[in-house]
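Below: a set of structures, written as structure tokens.
Here come two complexes built around subunit A, the first alongside subunit B, the second alongside subunit C.
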Partner chain A sequence: MSRSTEQNRPLLQVQSLEASYQNVIRVLHGVDLHVDEGECVALLGANGAGKTTTLKSISGMLEGEGSITGGNVFLDGEDTTGYPAHLMVSRGLVHVLEGRFVFPDLSVYENLLMGAYTRKDRDKIETDMEGVFGYFPRLKERLKVQAGYLSGGEQQMLAIGRALMARPKILLLDEPSMGLAPVLVREVFNIVNQIRKEENVTLLLVEQNARMALKLADRGYLIETGTIVLHGTAEELREDPRLQQVYLGGIHN
Partner chain B sequence: MKQSAEKHHPMPNGLPLLETQFERYGAAAIILVLVVGSQFLSGYYVSLLTTITIFSLAAMGLNLLSGNAGLISIAHAAFMGVGAFTAAWFVIDMGLPLLLALLLAGFVTAVVGLLFGLPSLRLSGVYLILATFAAQVILYWFFEQALWLTKSPDGRPVGIASIAGFHFDDSAHYFLLVLAFTVAGGVVYLNLLRSGLGRSMEAIRDRPVVAQLMGMNLQKTKLVAFATGHFYAGLAGALYGWHLQFVATEAFNLMRSIEMLVLIIIGGLGSLAGAVLGAIFIVLVPEFLDMAGNRLLDDVSVIAPLRLGIFGLLVVLFLLYEPRGLARSWRKTVHLFNNQIFKNQTKQNRS
Partner chain C sequence: MDYFWGLLINGILVGSIYSMVALGFVLIYKASKVLNFAQGELLMIGAYICLELVYQLQIGVPGAFLLTLVLMSVMAILIERLVLRRMMNAPVMSVVMVTIGIGIILRSIVLLVWGPITLHFPAWIRDVPVDLGFVRVSVIYIYSFVTCLIFMAGFGLFFRYTRTGLVMRAAASSQVAARSVGVPLHRVFALAWVVAAIVSAAGGVITGNIAGLTPELSAYGVRVFPAVILGGLDSIVGTTIAGVIIGVIEELGGGYLRDWTGLSGLGTVAPFIVLIIILWIRPQGLMGTKEVERL
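Right, the complex of A and B next:
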């Protein structure tokens, strides 16, 4: 273990989390994980394993489709289990949903402003927006374009840039690579890496693209049918034969 | 001026109320023409103008609620009725001054709107429409039953409006009062739209999920929309009562509520121009149809039933050919003019 829990207090701690949809379909059967401050943690797993449900339970976005039926979520030491999403955002946890949810009728600029919705320090918003343009110059080029007309990659960039506008302490990224061309996947990951280093943002990353995710992450968890089955540093996971076979495409590394 | 031209984008505090010079001058010119012109018009045209202005005010509320926040209501007229009856009650039964009564009526309607909004918080789409349908039916039933408030199932006369001893005998004077409230309502509406609250309403309409992710309180925003939208309804309803000098229960029926919804769809959802243009349309088109009927058939009873059919047809045509309403057509025209008339000025600004 590269970063031990004794040194850094966990910014996010999830304890035996259980969740189900419509009180019938149990998806999570006791998920345990923690993310330390400044860390990047990858949550890996196949379709339907419960990756997204875990993120949604943490960020309060499960409300409406399912519910947390057991366990706890602690953010910065505070028990935030079952808090609605807007309270989590004001506590510094921002969730970037899978599938590039932008406001299609708003311009790029307005979308970015939306990200700063919870902030009170208006005067610093402009500087932060310039910071976002530093990472995503393309957003600046398309500032006045309606977000609905952006390409898939640009929308993903906008979703991440918008999340940054909230000045998050911890960012939950759900499948940032989904549906993107390989070139763009690399670009998005590079930028996420850059953001991580420069902004000191803690990351919890959900990915199917395990290879990419493990390049970026310090540690990783493997989730299968609602429980964590494997846990270790990124290096350990990369070498793990089980993960290699199923998620990293066989023998050739 | 120079500074804002240099900037790439306006910051949240700096978004202008009206974007282009054409709009700014245009709005001022329209208000000026209305103020002066209305004093020279005959009673019939003043009455039409007053109705349009009141409907514009009411439509701003509905446009905020349904156009911007996406909470579609077919009970707006019923809430106008709440405002009309409570204002009448405040003035006639309680002896309050008119201006205070108008504002109080707005607040009462906002509270009633909130009460009906509460159970609707978890509803959206068709289900919300049904809930507002229930509100319309319940409120209308209430108007017919609560005689302590409405005096008769048909409504109650309210006489001529008067403020501090000044009687609005001349309908052109009353129009000025209505215009003042509507302009104020318009300014508030534009301000709301450029505020974080306005943005969060549209966010909740388009992407409720993301809106929550941005840290917006879904329920609070919906409730604010309910309260504000119905404040407009109450105020407009109250003004409507003194315009006709009679608060008629029938003026607040389901048909009128649907008409209000048609108004904002034809006018343009979610914009001030939409509310005003829609109001002009909804008041003038039946008037023209009646006139045409008079000329052609000298029998209004033939054309009257056709009104609804023609309305329906127009709505369908608008949905097909101009789904963003008259406001969109207006904007196209404005851009055309703007490019020609203000060409030189914009060049100056840029340099």
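Right, the complex of A and C next:
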């Protein structure tokens, strides 16, 4: 199924993860997945299947609305189960949240600076910002603009660019295509692909747009009602009749 | 006419204290969406701590003032560490209730230690009136005004130009985004409380020097409230302007209403009446930000 056995050690490993909201509604019922170094893995599934909850459990962003009730998260061999978000960011795991959470009252420049919050090597921040402008030239044009006034696509670019400023080892991308016009969806995916190649960053990607995601990913998991029901290489998943019917609209690529 | 100018200048000077104290209130609200009902008590305890230092250490009011700011910062950090951090994920209303509790505790401490009688700072500046040409103002008011300006300009520069200031603005802008880039929010909250404690203590020491110290100083928390609401709850610039407006209304209202009605104490009520009228017309306050909408 997966080609992980012949690959490197897993950078991220999730074992029988369970999570609940406010200790009442259990959303995850034992999720198992892993992401190897340098890989791009897609987590696919319908609305409410538990994709976002999985990412939030891993990144510590679940705190405040829910909690992990069972299982483990390992980052780079270290047991990071239940760590708050700031400890995960300083360990190189950055979560780009669904819904483009930029700082609406700060300028684009200040947003990018904040992305580098956990960095110790402050002298390299300006250079890295130039790197981000390489991927997203639009951001450079709008450097002084308050982020709240950017368009949806620009905010998504800013959210990804800001995450890059942390020099992450692994990026969790939640629905980068949500609410964007088709042209922009393609643009964002192209840039993510380019980033992946050039920055040597590992990716865990959550998407409803399964077709797009599987073009980008090496492997994928399908999550349904809080458990992984299917996993395999991107190619295997593209050919899988279950996935094709439900998530790819039955159209052959 | 001199009467008018006297009241106006007094109003501006008193208002500058309101502006400064309101800054702490707004900051905590911006950072954590918590209305800090212990703001007046922080002001009160700051004044008493300074008084105690003056008499115990014999270092003069300015020296004791600086030391008070340090002690108040420590106290703010302790409040955050011991009380508020445990309330991190609690509903905002619970945290607000806790601030009321902190206020009651601080007021009780003052009553226990210093009692209800009015205490006074030693006279450390010769209280000669300064002639501004059209009106004469007590020199202590000039000191107070300048101190307020220094504090507010200082914090203004801090927020605009320092990294920590940027982090605080970022957390105020979006808590979720701040967490996602790795900001430990409890540190931001602690810092907001430190700033609030500092401006409150400064306000307390200034007021204490002008009017003496009683536990009633804690009522400043309520008197500052119209400025906070009028300014828009989350706007620092708005609150600064509103603080001065409230001060002026209080002095002018108090002065003229006493003459017309023969009743004293109407000055304190006047700002609330004006507040209600202004909020009919502009519910978000003078400069309260309407949310920036995504296009």
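As a convention for this text, the second predicted complex is superposed on the first by the 246 of 253 C-alpha atoms of A that agree within 3 Å, B and C clash if a C-alpha of one lies under 4 Å from a C-alpha of the other, contacts with A are read in each partner's own complex, and residues count from 1 in each chain.
Just so it is clear, a residue touches a chain if its C-beta (ideal position, glycine included) is under 8 Å from a C-beta of that chain, and two chains touch if they have at least 3 such contacts.
Note that this is a predicted model, so its numbers are computed, not measured.
Upon superposition of the two complexes on subunit A, a steric clash is found between subunit B and subunit C. By the document's definition of touching, of the two partners only subunit C reaches A:149; subunit B does not. In the superposed pair of complexes, A:84 makes contact with subunit B and with subunit C alike.
Applying the stated contact rule after C-alpha superposition, one finds that A:126 touches subunit B and leaves subunit C untouched. Contacts of A:166 after superposition on the shared chain: both subunit B and subunit C are touched.
When the two complexes are overlaid on their common chain A, residue A:109 makes contact with subunit B while staying clear of subunit C. Counting contacts by the rule stated earlier, residues 59-61, 84-86, 89-90, 94-97, 101-106, 110, 113-115, 117-118, 162-163, 166 of subunit A appear in both its interface with subunit B and its interface with subunit C. Note for the complex: subunit B touches subunit A at residues 8-9, 11-13, 196, 199-200, 202-203, 206-207, 209-210, 212-218. Those residues of subunit C that touch subunit A in the shared complex are 88-89, 166-167, 169-170, 172-174, 176-184, 289, 291-295.
Residues 59-61, 84-86, 89-90, 94-97, 101-106, 109-110, 113-115, 117-118, 122, 125-126, 143-144, 162-163, 166 of subunit A touch subunit B in their complex.
Subunit A meets subunit C in the complex at residues 59-61, 63-64, 84-86, 88-90, 94-97, 100-106, 110, 113-115, 117-118, 146, 148-152, 155, 162-163, 166.
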